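For clarity, chains are labelled A, B, C and D in written order, and residue numbers in each chain start from 1.
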């Protein structure tokens, strides 16, 4: 299956390991993620004021690219665009919904972007995890060569994959999609009551210690429930939960760090792919010691 | 020469603030045969009615047109007025300039006024041809079906039974008593629920007029007022209640254990069990779904009451009226995921607590209660996130009750009630709330956002803002009680469909009128009692139950009831007895009989059996000679209405004629108006008993006379009083469409849409799309119309 | 006719050299009216904006440079009569039109951050370190519309956000640093500085070194040419001349 | 000493403005406090989200001098729980925008140390600028 794919700026910079692992995992599942030609910033974060159109230019511009891909034959009648980064997913999908609901704005945007082809509103935005669910997780488990037996993983969802309701890909209060996926690759899934609690998001720029406290709550609660590792699908969540553990340790000396990974990294591991696709070296808290100890890594 | 009086009502501004009633009155004056026109502040007021009576006497009026609200609303009032004045109630016509004009078109007063004129003229045109008919009377018996054996059903049954009517009380559970059977005590008096309920349950059995069918479900209902045919399905209990002594030996030996429904699953029962210590009928029974038919119980049963071979039975009844008292379900707390019900062992529902209290009182607690207890209000009520906007009305008070019961039974307990608004509206409620405060129950104004369970201690941490001190409370509780709201009983769905009962937006059943007919429904002879109509506490439920009984008695007591003479009749001079109508009458009300003509020879003509005719009018559509006709909606009248609807059509105007069936579409149009939803002013709604009344001839006439579109609004098949009508309309419409196409007229100008009474937007959209559609097409060319007009008959009947 | 035109242009050339000598009015066939800084001027049709201004009597000290569309000094912002669009162009490259409202942008106020190419890590994140405002780009594409060089400005700003030096360098190669993008940017980004930084970093770390150059430099360092040098050094001026001219004639010029 | 509020037509205008910017019927809020309890940042805030709603209802401009609206991380926890179906995050955004549109930034970009800048993911910088700078 060939499907348009929107990476987002972070996956090209600080979250390379997310993209590398995802692309390789997809190959195993016969999914070809075709990167949008000359895509621009998704426009994160969704502008919430009712009168603001400017900030919806970026996302819609990207959705135009998807339609162009279909016209140029890069993909064959595939108007779904996959995002890996949860934030990008949320922004693109919300703008798409908003514009489709408001014909007047739809026209305004097209007029403003007169240098572009008109957006026709055919595009649908989906999250990579959604794509896998539609594919059916059983297909995923079929590909597992190296089941993650005994690895206690706590899936962390954060906000933008679930909220607001009309964008969310699962129940906003008690989601299971990531847990099901981790289950499908053989991990022991550990629930965390804070799995949908916000990581502090962009507040990390304003005050790293605020965010560190949130990370502390989320991680310690996961550990209390027996988790050894947390997975996420959002580079910002991952930064706040992993990289901010540096600050957490300043605040709470007794705190012991916990690796936080992209779910695709664990999939790559479970699929028994080459180490270079794991990208563990880029994780702020190196998961390799734990994985070796569990006998999941040489 | 007729003498028509026209009255235009201001409706205390409801109409006059939008429509220029004076202008409407002036146009009415200009209509032929109109001898008197008045406008009045409140036509339905006594002065308004007397005005009509005097005018009739003084000005010798023989037809009355009242331009006011919907005939569905005040029609009966004015019919009575005419009768007082000695006129037939059927020479009254109402122009619905409120629900169909002033309200929906309030944003465009000028156009609304124009439409109001039009509607009034239509009514006048019809009135001219009104016949002074008399009411038909039909006999009615004294048999009532009561669906649901909760406190509502019990009360209705007792009232009816005591009044000497035959009551058939159907309860799907093994015992009557309903939810009240599960309650500990009742607010605000705190008397023991079982203690006050059980005598009433006993009365049901002892009352010889009440026939109790427990463990029974209504399988099918058909028919109409005075003749509802009911099929009941009684599940097998495998125990003969007459022989069973409730000794309980059978249960002791039974190997199967399952959760006990009455205790909300907090305790267990056997496969053979007694529904409740105070169950009525007081007999053990076997739960078919779990019994393994091991036969141990049979062996130990001395009176030989158990028969594993026995099977359920079907019971057929005919009843005259029906009371629906199917009650409510509690909100399924699983749906409020943040509160973790089902995931956290120390989060329970209020009903579970009721059971815990009952059992603790008996000295065998079902589970520990702990010391720190929190109640969360409005769970599943007043919450758009779970789709329930309404207030369940009883939760505030039962929480007030439960909180002080648990506090009183152990004063060392620390009890909190977290509420958004505390509603103590009833008699003695405020005092009771104060008593709770005296007991030391703490009422905190704030809606808890989420609960978190401690993986080790299983204690529940609750996060909430105390909105009064504006501080965030985060503290731990041993037990969290969810004050769950009320939802329509799942079982109601089926009954509602069978009886064509409408639902209000909250999902509970819709009463006929929110103020003046609170227990009636729009289906004749069907009444509502208790929470099936909306959340209410026990006193309100009982009051409404008695009201339902009284309304049923009102209908049946006289032994006969009146019906409008909307019935088919035959123009014997035209009829040639071909019999086409006979095969098309769904009620077998038509037969062909011999008739002596003046010259002694005999000829065959159709004859109508008025007792059987339901007045759908479909027969008229099949008569090639226009020999069959329908009282109150004659061919001439309908044609006159259509003409009137088109005469005020100016150059560049468009007209869409909407034939709205009395059962649904017309009422729906009323609802749309009440909701102030606007729709295309091109439309003119004409009220008919059923779309099947409109003959192809009338449709073609309408088009030839200048109608740009025709919309049939009809009750959807399954809730249509005339099960055949949808099919008939479709047949007629396609017949017409074929002919139109021959003339190059776009066939989609004529459409049929099936409605239910709550499809407000659906109604608006359908009218608007059709009017947009015809506006895009442009009008039908004059010459085509003319040609069509000339050739209708030959096209139809060759 | 033709001669007339040429003679006219000559005078203008004179004028544009800063010598303010009037044009003989009767030589002018077509006149257009332009509004400079809101004041109306009658100027001969066919002049470039820059020439027209000088004809009108302005002496351009700043806001003009190569007069050939390379230096990017003479940024102009103008609107045509009856048009809502705000146009941008180089004054030396655009002819006046009747009813033009215009003004010169001699300089776009922008601070260039100080960086030491030698010390920088060749990493994506460095862009935002020096140009954080790049993260404010809303992809409105106004910069691209404003660019007189028709560069894909928005695209290279987005490339910068992704830390893609190669793209930034390639997309911005023909930037003349006129600053019109920066003037129009609602996110207050200084695109041309971003681009320059990108090109420099790419030039230093991105492009692979040309191996022949490397080779030759080594050779020189190893003194393989010292003998030749000495020879040349020893020549007298005449000899040097002849060698040079001979070389010039023999080696093909490029 | 209790705070005294004088309500004038200005207050009404402010409510109207915020209602339009946020496209929310703010007067529908019945102050149940669900948003506050759901808010992960509430401990950081000087007033609770429900209080923000209340102050806007009464048109108290002082709400814009509070820290709370800036602390909001737009996580929509309140949005998915509000029993009245209100989007509190949109109201917070509207308040922020009123300030930002007066070109009053909340964070100083140059104040962020270089090493932090190099460490932060693009996504963080982009989104914080969108929320904190006009």
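Everything below uses one rule, namely that contacts are C-beta pairs under 8 Å (C-beta built on N, C-alpha and C of every residue); 3 or more make two chains touch, one makes a residue touch a chain.
No experiment lies behind these values; they were computed from the predicted model shown.
K.L.:
If you take the mean of the Cα atoms for each chain, which one ends up farthest from chain A?
P.N.:
Centroid comparison gives B as the farthest chain from chain A.
K.L.:
Does A-B or B-D have more contacting C-beta pairs?
P.N.:
B-D
K.L.:
Using the average of all C-alpha atoms in each chain as its centre, how far is it in Å between chain B and chain C?
P.N.:
79
K.L.:
List the centre-to-centre spacing of chain A and chain B in whole Å, with centres computed as mean CA coordinates.
P.N.:
One centre to the other, that is 49 Å.
K.L.:
How many Å are there between the centre of chain A and the centre of chain C, using C-alpha atoms for each centre?
P.N.:
Going by mean C-alpha positions, chain A sits 43 Å from chain C.
K.L.:
Please set out, as single numbers or ranges, the residues of chain A touching at least two other chains.
P.N.:
9, 13-14, 41, 55, 173
K.L.:
What are the residue numbers in chain C that touch two or more other chains?
P.N.:
Chain C, residues with two or more chain partners: 125, 161-162.
K.L.:
Touching at least two other chains at once: which residues of chain D meet that condition?
P.N.:
80, 112, 119-120, 122, 125-126, 130
K.L.:
What chain pairs are in touch here?
P.N.:
A-B, A-C, A-D, B-D, C-D
K.L.:
Would you mind writing out the residues of chain D in touch with chain A in their complex?
P.N.:
These residues of chain D touch chain A: 20-23, 40-41, 44, 70-71, 73-77, 79-80, 87, 89-90, 93-94, 97, 106-107, 112, 116, 119-128, 130-132.
K.L.:
Give the list of chain D residues in touch with chain B in this complex.
P.N.:
Touching chain B from chain D are residues 30-38, 42-43, 47-48, 50-51, 80-85.
K.L.:
Per the contact definition, I'd like the list of chain A residues that touch chain C in the complex.
P.N.:
On the chain A side, the touching residues are 9, 12-14, 38-41, 43, 54-55, 57-58, 61, 112-113, 115.
K.L.:
If you look only at chain B, which of its residues touch chain A in the complex?
P.N.:
Against chain A, chain B makes touches at 337-338, 343, 452-453, 455.
K.L.:
Given the complex with chain D, which residues does chain A contribute to the contact?
P.N.:
Within the complex, chain A touches chain D at residues 8-10, 13-15, 41, 44-52, 55, 85, 87, 158-159, 162-165, 168, 172-173, 196-198, 200-206, 208, 210, 214, 235-236, 239, 243.
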